[in-house]
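Report on the following structure.
Labels run A, B, C and D following the written order; every chain starts at residue 1.
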Amino acid sequence: MAGLELKQLRKSYGKVEVIKGVDLSIEHGEFVVFVGPSGCGKSTLLRMIAGLEDITGGELVIGDKVVNAVEPRDRGIAMVFQSYALYPHMTVYDNVGFGLKLARTPKAVRDQKIRDAARILQMEHLLDRKPSQLSGGQRQRVAIGRAIVRQPEVFLFDEPLSNLDAALRVDMRMEISKLHNDLDATMIYVTHDQVEAMTLADKIVVLDGGVVQQVGSPIELYKHPANLFVAGFIGSPKMNFVAVNADKVSGDTVNVSGPDVVGVPVALPAGKVRPGDKLTLGVRPHDLVVATSGAIVGRVGLVERLGNETIVNLELPSGASWLAVLDGDQALKRGESLALDVDPAKALLFDANGLAVAAA
Amino acid sequence: MKKRTSILGGAAAIAATFVVFVIPFIFIILMAFKDRQQSALRDFSWPTGFHFWENVVEVVKTRNWMMITAFINSSIITVVSVTLLVIFAAMVGYVLARRKTRWNGLIEFLVLAGLMVPPAVVPTIWLLQGLKLFGTLHGMILIEVAYNLPFSIILYRAFVATIPRDLDEAAIIDGARPLDVFFRVVLPLLWPVTVTNIVVQSVGIFNDFTNPLYYLPGNANATVQLTLYNFQSQFSTAYNLLFTNILLITIPPLLVFMFFNRQIVAGMTAGAVKG
Amino acid sequence: MSASTMAGTPNRAETRAIKRSPYPGWFFTPAAIIYSVLFLVPTFASLYFSLTRWTLFDSEFIGLENFAQFLREPFLIKGLVNTVIYAAVTSGLKVVVGLLLAVMLTSQIVGRGYLRSVIFFPVLVSTVGVGITFTVLMHPTQGMINETLALFGIAGPGWLTDPNLALYSVALVDVWKGVGLATVIYIAGLVAIPQDYYEAARIDGATPWQNFWYVTLPLCRPATSTVITLSFIGGLRTFDLIWAMTKGGPGFASDTIASVIYKQYQAGFYGLSTAGNVVLFILIALLVVPLTMFLNRKQGHE
Amino acid sequence: MTKTKTKLIALMGASTLGMLMTASAVQAQQSGYLSILVDNGPQSIATMEAWAEAYKAMNPDVTIDIEVRPGGGEGDNIVKTRLATGAMADVFSYNSGSLFQAINPTQNLLPLTNEAFQDGVQDSFKSVVSAGGEVYGAPFAPAMGGGIFYNKPIYEELGLEIPTTWDEFMANNEAIKEAGKVAVIQTYADTWTSQLFVLSDFYNVLAEEPDFAEKFTANEAKFAATPAALRGFEKLQEVAEAGYFNADFGAATYADGVRMIAMGEGAHYPMLTFAVGAIAETAPDYLDDVGFFAQPGDSAENNGLTTWMPDSVYVAANTASPDLAKDFVAFIASPEGCDIRNEAVGATGPYMVAGCELPADVPPSVSDMLPYFQEGGQNAPALEFLSPVKGPALEQILVEVGTGSRDAASAAALYDEDVRKQAQQLGLEGW
């Protein structure tokens, strides 16, 4: 059974370092999602685990073996590509069985395994087709089938759903999740879509600039982002930020004010900040509520009325723009003035370095 | 109305290409049907008698059935050298397109140089002598491979670039060794450009005249183009036999063409054009 | 608990990855061996022999005298000019005619299959055979071309016997034989152009001519550069056809460098001929390298 | 020396003949394999095949493989290349004279000096296949003359006389032209045929400049600076400027020329006499319509023929079966060999081998030539048999003169330049 251990993993192309020392440990059976904006190094990291990229520095352990110099085929992994990478000249049957054929698996065994995988993915009727005759979702299944049939210790997914339309993506997401439960395998999944990350992951690894920003469960990341980057990246719509100064520190509450906000209270253990500190206040759009005279006042811009909730674009005095997601249907007019309040327990503060001023 | 212009245009094009491209071939065929006296006039006239079969027999029988030997030799040279060319050039084109090293510049320069530099005949003969390859089919095959590699490599390199790298990587993850990746995944996908290579190179090698002339002396080694020499001599010319000969040696390229006709464009699409 | 950022003890024990590349260098070896032994080695040997007086039986080092002699060849300058004219005329005509034929063959014209086959077929016929055939057809008095012209009361020229015309006649035959390949390359280039562009142009109200000029022409530039490069190099090196048709004549009127070189070779001036090879190579490099750079840069700009 | 008087028919003692015959009778039957390389002229192939058949009939254990090479410059290349690389056939045919000197005979060929058959070969032939004191060849064909073929019916029709001076020749041409016929046939599709006016004029050059060949070899005499030598170029220019040529002279081939002279499509065709064989093959019915005369000089008293030694057969130095090869060559150079040749391709000229007879009914073009070779006839070898120097571009230069794009003087000067290059290549003294 295979967990993974990444120790100070580094990758550089010539002088450019793209993975700057990643430490991470993944338990067996965990579903881990690497998430981050494009160019953050998440795919590179995945490909290093797969063995498709050489490791410049550090150690990669799969199971109990250092695999830096081990060929991909001997790492006990399988990978699903964003483009599916189905072999266009082979039928679905041959695509799925290609790895087994290379491993010189006896024909009967091979056939059994291919048919098992096809049954699991409900694509038995597709086995004789060529990839060009398949729809996007079907290709996705074949790609997964090709991975399953190898019975790997670790599944690697490289943005597998990004080429599918929205509805199909939801379906496939559920299937992958179900597969994870059924197969009891370790899965590492790369995506730039934080919704996928939130819904699928046991553990999310947020990457930016080749550096791990935070590792944790989805809710942990949502509630307690370690820094501005994670706070902004996780959650949809994006968290609102505004520059503030600490006014008054009293007990476990800090009052902060800035050009756009007046006296917002934030729950915080004593001693974390001192009056006059320059901070950044972060509030999720869902945590704003309408008040008669709130801490935050702005002019209503675009209003999206979705019935169950209303998304308001608010222009603050400084010109900055915030989003608020308000419960129920709110008949707001463009141009009118709106005041909002913040729940002190849900507001977050970040210091001048962008690190969270931790609540606990 | 649009339909009519296309039909008119088509008819005009058919007429024009008939005059420009087809009539010369009809001329060759007519000449091949004539007897020696009539053919000496070299005019576009109906043969006074049908001597085609006699001409063919005479051409084939000349110099101890040299035509038969020549067809066998040319076929061997063409098939073997095109096979080697396809495999070796695809291997080079593949690695050249996939792997960026500081050698790439040099390799690309050498490839381009091979396209441009005219081969040095006599030093090559000496070398072949030293290798005991002079005047052998093996030697000729290797020469054809060497001289035609650059063009094939360029075609392949351009085409490989259009094959997603993901496929190689999927195969690697599936447990493929480099040779598996190449022969089982990449080479089959290179089929369109392979067809282009087969057509262009086999025709070029089959029609090669100068190189066998130098590197493949000897009756037993005659190639089809050299048979033209039997009839086009300095002293006298038998036009009916000459054109019968041209006609006969055009048949194999014609077969290749009919076989691959539809696929030629496909190979060019991704291959040459994106070069 | 709190989120960890860049924690952990740095592990400085760097493991050198000795994993082999999936694109092994030895894939080059078979091609490299054949190419080096049979092409590069003789080519470099020829650089030496170009500095010798060489009778095939023995060679005597004479420095650059062969080059001096070659450049003194009374017809070398004419040969140089002819070579460039020939290459420019053939590649230019192949571009223009090939593109027009390709446009025609990708349109909804009747008899496309026939046309495509007929135009491509000459590519497959042996150059020597084509040369012999056209020498006969271009005969000034008995040739079919002039006899046909005579029916219309036109006195046809001496295609291959008029010193001012011979080179161009051979070039025309070269185009006849080679335009099929150019056409196929262009067809490939044209079908690769997404239909969207034409649709967009149609919505913008473009005439067929504008379509051709502003959409087709710029977008098939890769094909153009392939055709130009291949046929230009081919034209500079051309030998078979000229030799089969005029042997550089009448007199020296259609001599190209390749035929001048060959004549030196024929005469037994092996060192001299080899020096000519080197000169030809330099000429090709001087013309083709800037040409390819120009074509590629243009491509990059799009 | 001005004239090599060669005697046609055997003055050879019967003893020599007898010895030859006994030699071949005594010799044991040969066995083994022999490869032969011959040029692709139809007569060369036919003759060689006939010899091989006859020889195999006499020696059933011999297998002979005849291989064909192109003629002309390309053939020169093949021969040189194959000699240089040791890939030459056991026996091969090739030119005598200056081209023979260029294949480095002492190194590449087997000496045949002491073979018995050489006793029957004329010394004049031996001299053009000798190098370093050894003789390397045996005659492959009869001797030839270079001059002008004429169409007899045209001469009869117009009442013309055989010209003995250049002026008479030009007058004949004028008369023929006025009669609406083609006076002079030129065939520049085969460029080598353009050289005849100059090469065949060499008898006339020697008549005026007896030491031209020696001086030419020593870089002391030039075509452009020697009026007698320049005449050949001028003659071509005169004929060209007078418009005597056939309309398609630029595209006509040698085969066309042969047909035209035989069928009366033209009155004169300057050519070597081996064309008789080609006429016999392509237009046998017209063979008797063709006559021959030497290219006239400027004075009637001194009218003689420029002669060519035939090609030769040689044995490659590295042959695997030298005895067999020598025996076969001896067979070729025997009266029996000549008879087989007569049978195969007809008689085209006087043989260089003692005991060889021409058949009684030789065509007129051959009988017209014979007097020049006989006692009292005047002939001189072509320059290429007196000097190793011969520029390769003469034929193209003369095509330029014939097409009017160059005048005689500058053509001669250009040829001198061409010659210089070749002499340097040969490493001759004084260049």
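Keep in mind that, in the parts below, a residue touches a chain if its C-beta (ideal position, glycine included) is under 8 Å from a C-beta of that chain, and two chains touch if they have at least 3 such contacts.
Predicted, not measured: the structure shown is a model, and the values here were computed from it.
Within the contact network of the assembly, the step distance from chain C to chain D comes to 1. A centroid comparison over C-alpha atoms places D as the chain most distant from chain A.
Ranked by number of C-beta pairs in contact, the top chain pair is B-C.
The mean-CA centres of chain B and chain D are about 40 angstrom from one another, to the nearest whole unit. In whole angstrom, the spacing between the mean C-alpha positions of chain A and chain B is 56.
Distance between chain centres (mean CA atoms), chain A to chain C: 54 Å. One finds 93 Å separating the Cα centroids of chain A and chain D.
Counting partners per residue, chain D has 74, 81, 84 as the residues that reach two or more other chains.
Under the contact definition stated at the top, the residues of chain A that touch 2 or more other chains are 51. In chain B, 122, 126, 169, 172 are the positions where the chain touches two or more neighbouring chains simultaneously. Listing the residues of chain C that touch chain B in their complex gives 20-25, 27-28, 30-32, 34-35, 37-43, 45-46, 49, 56, 104, 107-111, 114-129, 132-134, 136-137, 139, 142-144, 147, 176, 181, 184-185, 187-189, 191-192, 220, 222-223, 225-226, 233, 237, 239-240, 258, 261, 265, 270, 274, 277, 280-281, 284-285, 288. The part of chain D that touches chain C in the complex is made up of residues 73-74, 76-77, 80-81, 83-84, 102, 104, 107-108, 188-189, 191, 247-251, 392-393, 396-397, 399-400, 403, 405-406, 414, 417, 421-422, 424-425, 427. Note for the complex: chain D touches chain B at residues 39-43, 45, 65-68, 70-72, 74, 78, 81-82, 84-87, 190, 192, 253-255, 258-259, 278, 281-282. Those residues of chain A that touch chain B in the complex are listed here as 47, 50-52, 72-73, 77-79, 81-89, 98-99, 102-103, 146, 150.
Considering their complex, residues 40, 63, 122, 125-126, 129, 134-135, 213-214, 217-220, 229-230, 233-237 of chain B touch chain D.
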